[in-house]
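Structures for review follow.
Both complexes below contain chain A, partnered by chain B and then by chain C.
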Partner chain A sequence: MFGVLRVALRCLAFSSLWVVLALAWDAPGMFAQTPSPDEINRVAKMLSCPTCAGINVADCPTETCAQWRAKIGELLAEGKTDQEILEYFAARYGDHVLQVPPTRGFFLGVWIVPIIAILAGLGTFGYLAHRWTKRPTAIESPAVPSDAVEDEYVKRVEQELQSWQK
Partner chain B sequence: MAEVREETPPPPYVAKAHPAGRRLIWLIVVLALLGTLLGLLALGLQPRTSVTLQGKPAPPFAITAINGEFAGQKFSLADLRGHIVVLNIWASWCVECAREATVLEQAWRAYRPRGVWFIGVDYLDTDTAGLAYLKRFDITYPNGPDIGSRIYQAYRATGVPETFFIDRDGIVQHVQIGPIGQTQLDALLDRLLTQGRSQP
Partner chain C sequence: MIADLGYVALLLAFVLSIFAALAAWLGERHRIIELVFSARNGVLAVAGLLTLAVLIELFLLLNSDFRVMYVAQVTNRAMPAFFKLTALWGGQAGSLLFWSWLMALFAAAAVLSGWQRTRILMPKVIVVTQLTLAFFLSLISGVWALLASPLEALGMTTGAALMAEMETLTPFYQLAFTPVDGNGLNPLLRHWGMIVHPPLLYLGFVGFVIPFAFAVAALSTRQTGDLWIRVIRRWTLVAWLFLSMGLLVGMWWAYGVLGWGGYWGWDPVENAALMPWLTGTAFLHSVIIQERRGMFKVWNMVLIMITYSLVIFGTFLTRSGVVSSVHAFAQSGVGPLFLGFVGATLIVSVVLLFLRLDSLRSEHALDSLVSREAIFLLNNLLFLAIFFVTFWGTIFPVVSELLAGQKAIVGPPFFNQVNGPLFALLVLTMGIAPLMPWRRTSPAKLARLLAWPVLAGLATTLGLLVTPAMRQFAVLPGTSLRIVPVTAFYGLLVFTLVVIGQEFWRGIRTRRRAIGETYWTALLNLVRYNRRRYGGYLVHLGVVMIALGVIGTNFFKVETQRNLAQGESFTIASPLTGTYTVTYEGLSASIVAEDVRRTAAVLKITREGQLVGMLQPGQDFFIAQEQAMTTPAMYHSLAEDLYIILAGWENGGATATFKAYVEPLINWLWIGGLVFILGTAMAVWPTPVEERRIAMATSASGRVVTARS
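What follows is the complex of A and B.
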């Protein structure tokens, strides 16, 4: 009686082990779900249509973008993150397909040039503003005091007047 | 009176406002900025279309084939030196590409024994769609994806399809923008084949 029970338990344990192993083997496939259109569009909005201008993959009606959306769906179903999917597309088709330019290579200029331009503009503005506000101060403090010049004139005028009165 | 006027020194700002050195620096900065701007403008105005490659060395390329007997094999222009190479840039979503697909395959089968290599570059396609296209038109010459769109950019392509005819010396002899017909294709290949073979 106990022998039969022991064999049955062993069989149960053995089969359970197989089930666990099978689940572990196919875990990603089992738990992966078909992504919804919203999930696909969330990623597609971060990619630019490569054959048209100024439109993202989510909103683009072309065949190319339809294929790309299908590919995004496949990658999401495989469990890839948004960032991994964007990296895949950038590597496969080039950095220009990203809506937000990457901070590397040629596209680094897209980030750096505006900052340099703003700093240069602020610097120029500051310098000019400094110069413009400095001018009146220079006029107010000439090297020769105006009083001295005035005194000289007054003195000579008085001398002239005196000599004329005489 | 006149003496006094002569003795009065000019206000200090008149002398310091525009010293010659500072004016020169400003001039150099402005000229440098203008020069850069004009340089960039000139660069942008330069024609950068594929036809400008005619008569010039073909840019190097490398692809990994995904179809038929060549699947997994790597092909580069350097490896094909000494052969006539027909480089066709296509995409599965391109209607005009489908028009020439059969013509290209027939020419490949006819000219392969004479040492002409056809290479297909799949531009902006997913692998699934690209393979389905190759299967649909029974294309057997090596085709591979344009990783990073590098070949498309290097060849200054302006769209798909575009086909580049490269001679045995690696010089682009003809650029075909748009689909090519059988008669024109045969004429081009016959002309390239009759051209003298270069010394290795």
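What follows is the complex of A and C.
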């Protein structure tokens, strides 16, 4: 019984030593000191609370989110980058824990559709403006003389004055 | 017993609203004037009956009659009387009753005020408002439950179950037993912001039904001239005023209560209120073009129809829970019914629009791209673009789950990135528009008007770029790219500001020249006799101030989280005023209300060595709900807020965790909001000139009718 445990412990110790070495090898940030709450919040902001709607993990007061923040701290201490941490959570809990859907597959639609719509809107604007300015009108509009603007303004103020004083 | 009376009033109101719609329709069609009068009386009776129903509901809430399910859901014995009353809009059934009541009052006011002047439009106005009202009343009067057994007979068991459940949605539904105490109101809602926020939003939502009703009436009676546009102008402004106030108060509440240092989270519920505001604002602007130039008639119809649909859709979003999950949608009958209603009204509107396209021809063409018409068109497209982005981001989770079977969340980063630049462009059109004369202008003329604003704007941008405080952000990681757009945007704000100032100055100068008034009288009279125009400028000024706050908090917010032992302190540097030092002096406990206990941290705040004051951020514990709520503490100044929350504590307060934010320029958002409201109120206020215009439009359309008949 104890033998098995001892072997398991030894395996664990050995493997964790290996992990530590392996990480140290390609992650110089490994021996950085424990991450500050601000660094944790930076990452937590990019994740959504899995249980409550509309709150990110940094602002969420629930127990789950506290555990997630702790986990982010661990991952940061291991030297993981922000992106790797986000991928870690997305892989485990699903893409809907990310504040913005990942840019692949169907999710690309969230960005592409508005861009298409805006371009279509601009196109419509250009087309309408072109057509309208070219279209002959029933009432021919005489060109406004270049200094009529100020006069028109003065006239309007005066008109409004008069119509009120009547 | 008294609850039964309320229920009867509700049911009668439902039946009468349908009667009024039918009577108005038939009376107009067969020219039976008595029926139209009867319809009008029906509208008034519905308003009366719903007032009675609301009074009875309030009575039940106040007396803690927990046999009534709604009362038990939203109140408990320990709540102060005031909160018991406001619990009327604290839950689903009560909110829908409240909404219906406001709708009934608006409809009655519209019919009474328009009866003499716009008689031709009245029957259809009654039809639209009463059918809308009937739909809402059908949700809370339990009538859909009647469908349960026929559906069951047809073998549609899920549908039958959903409809049967609708019975419990009436605010007068009585339980088989009387609970000892109720659940009480969600603690988050026990704040004055949440007391006034829903009524303001509902007033805004309901208000937009009236212009829509007039639009439909104008279309169907072919009175598509000046009349409906002039009549609905004030209704639209009133609705818009309430909606704007609702949004601002909501932001203020979120900032002061939710304790995350923000005020707008692009939450589906927030978006639901923002979307009709966006299209409504577009409508307010493009209507001016129709008044002045007889253009954009179809477009205006489309805009008001979209706004109406969004009002219903918004109520649906907030009431059905569809966005949090598609499954929540299918668990209640409310969602499918709402969606069906939105779809039906959209289809009817579009068909009507197509049938009447011939009467909506433009009277003028666009003379030039350098004209106010063109700028207004651009402004409309921008509003619609922002609306579409918001709409898409809000419904994308649903679309994704339905079409691809993948859950997703579309959070604030998406909205900020896509809508941010669009809002900036919008401010640009806002700045230029007043300088653009109608029809066309010469480049030289425009250049002369633009000279000062452009110079001031450029000077601001360049000045900020070389200012050390600003440049400091250029070197911070992640912000280096922002410095250019941010300073450019500040330049844009100054540009707009100078344009507005210039407009006021030109008006004052003209008055001084014409009638020799002093500066102050000239300013006062200018505003007094042109409320709409200068009220509009004031609204724009408010927008500039709001934008100032939005940029400040979006780009320059500083935040930090610290765990402190008693006596320890931390620092947080403000980009504008200096470094704050926050010292934790200990915890204190107090009793806020009968059922609320507060634990607060005592913090000493100094800035650059000077004592600023004491702040006490805390957590309120609501005993009945067993729920804790953070209460942020703030130090306000015109430059910024220092905003601190107590996130938690250990060992009886030996150590505690704080989150601190410096929110640059945030108070300009609230000040700008007040200016905005003031400007709108000024534009809404009736002027003699405006009254005369409506009278003229009425007599003109009166002639048309006599000529035809």
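Descriptive notes on the structure:
Rule of thumb we're sticking to: the second predicted complex is superposed on the first by the 105 of 166 C-alpha atoms of A that agree within 3 Å, B and C clash if a C-alpha of one lies under 4 Å from a C-alpha of the other, contacts with A are read in each partner's own complex, and residues count from 1 in each chain.
By definition in this document, a contact is a pair of C-beta atoms (placed from the backbone, for glycine too) under 8 Å apart; a residue touches a chain by one contact, two chains touch by 3 or more.
Quick caveat: nothing in here was measured; it's all calculated off a predicted structure.
Of the two partner chains, neither chain B nor chain C is touched by A:Tyr88.
Contacts of A:Val110 after superposition: chain C is touched, whereas chain B is not reached.
Within the superposed three-chain model, A:Leu128 lies in touch with chain C and out of touch with chain B [touch as defined at top]. Using the contact criterion defined above for the overlaid structures, shared-chain residue A:Leu98 touches chain C, although it does not reach chain B. When the two structures are aligned on the shared chain, A:Thr51 is found in touch with chain B, with no touch to chain C. In the superposed three-chain model, the partner touching more residues of chain A is C, compared with the other of chain B and chain C.
Shared-chain residue A:Ala70: touches chain B; no touch with chain C. Once the two complexes are laid over each other on the shared chain, residue contacts for A:Thr62 go to chain B alone; chain C is not touched. Within chain A, the residues touching chain B in one complex and chain C in the other are 94, 96, 135, 139, 141, 143-144, 149, 152-153. Chain A makes touch with chain B in their complex at residues 50-51, 62-64, 67-68, 70-71, 91-94, 96, 131, 134-135, 138-139, 141-144, 149, 152-153, 156. The touching residues of chain C, when paired with chain A in their complex, are 260, 265, 267-268, 323-324, 363-369, 374, 377-378, 381, 384-385, 388-389, 392-393, 396-397, 399-400, 403-404, 406-414, 418, 422, 437, 439-442, 444-445, 449, 506-507, 510-511, 514-515, 526, 529-530, 559-563, 628, 630, 647, 657, 688-689, 692. Residues 1, 4, 8-9, 11-13, 16-17, 91-93, 124-126, 128-129, 145, 147-150, 153 of chain B are the ones touching chain A in the complex. Touching chain C in their complex are the following residues of chain A: 36-38, 41, 46, 48, 53-56, 59, 61, 94-101, 105-107, 109-111, 113-114, 117-118, 121-122, 124-125, 128-129, 132-133, 135-137, 139, 141, 143-144, 146-147, 149, 152-154, 157-158, 160-161, 163-164.
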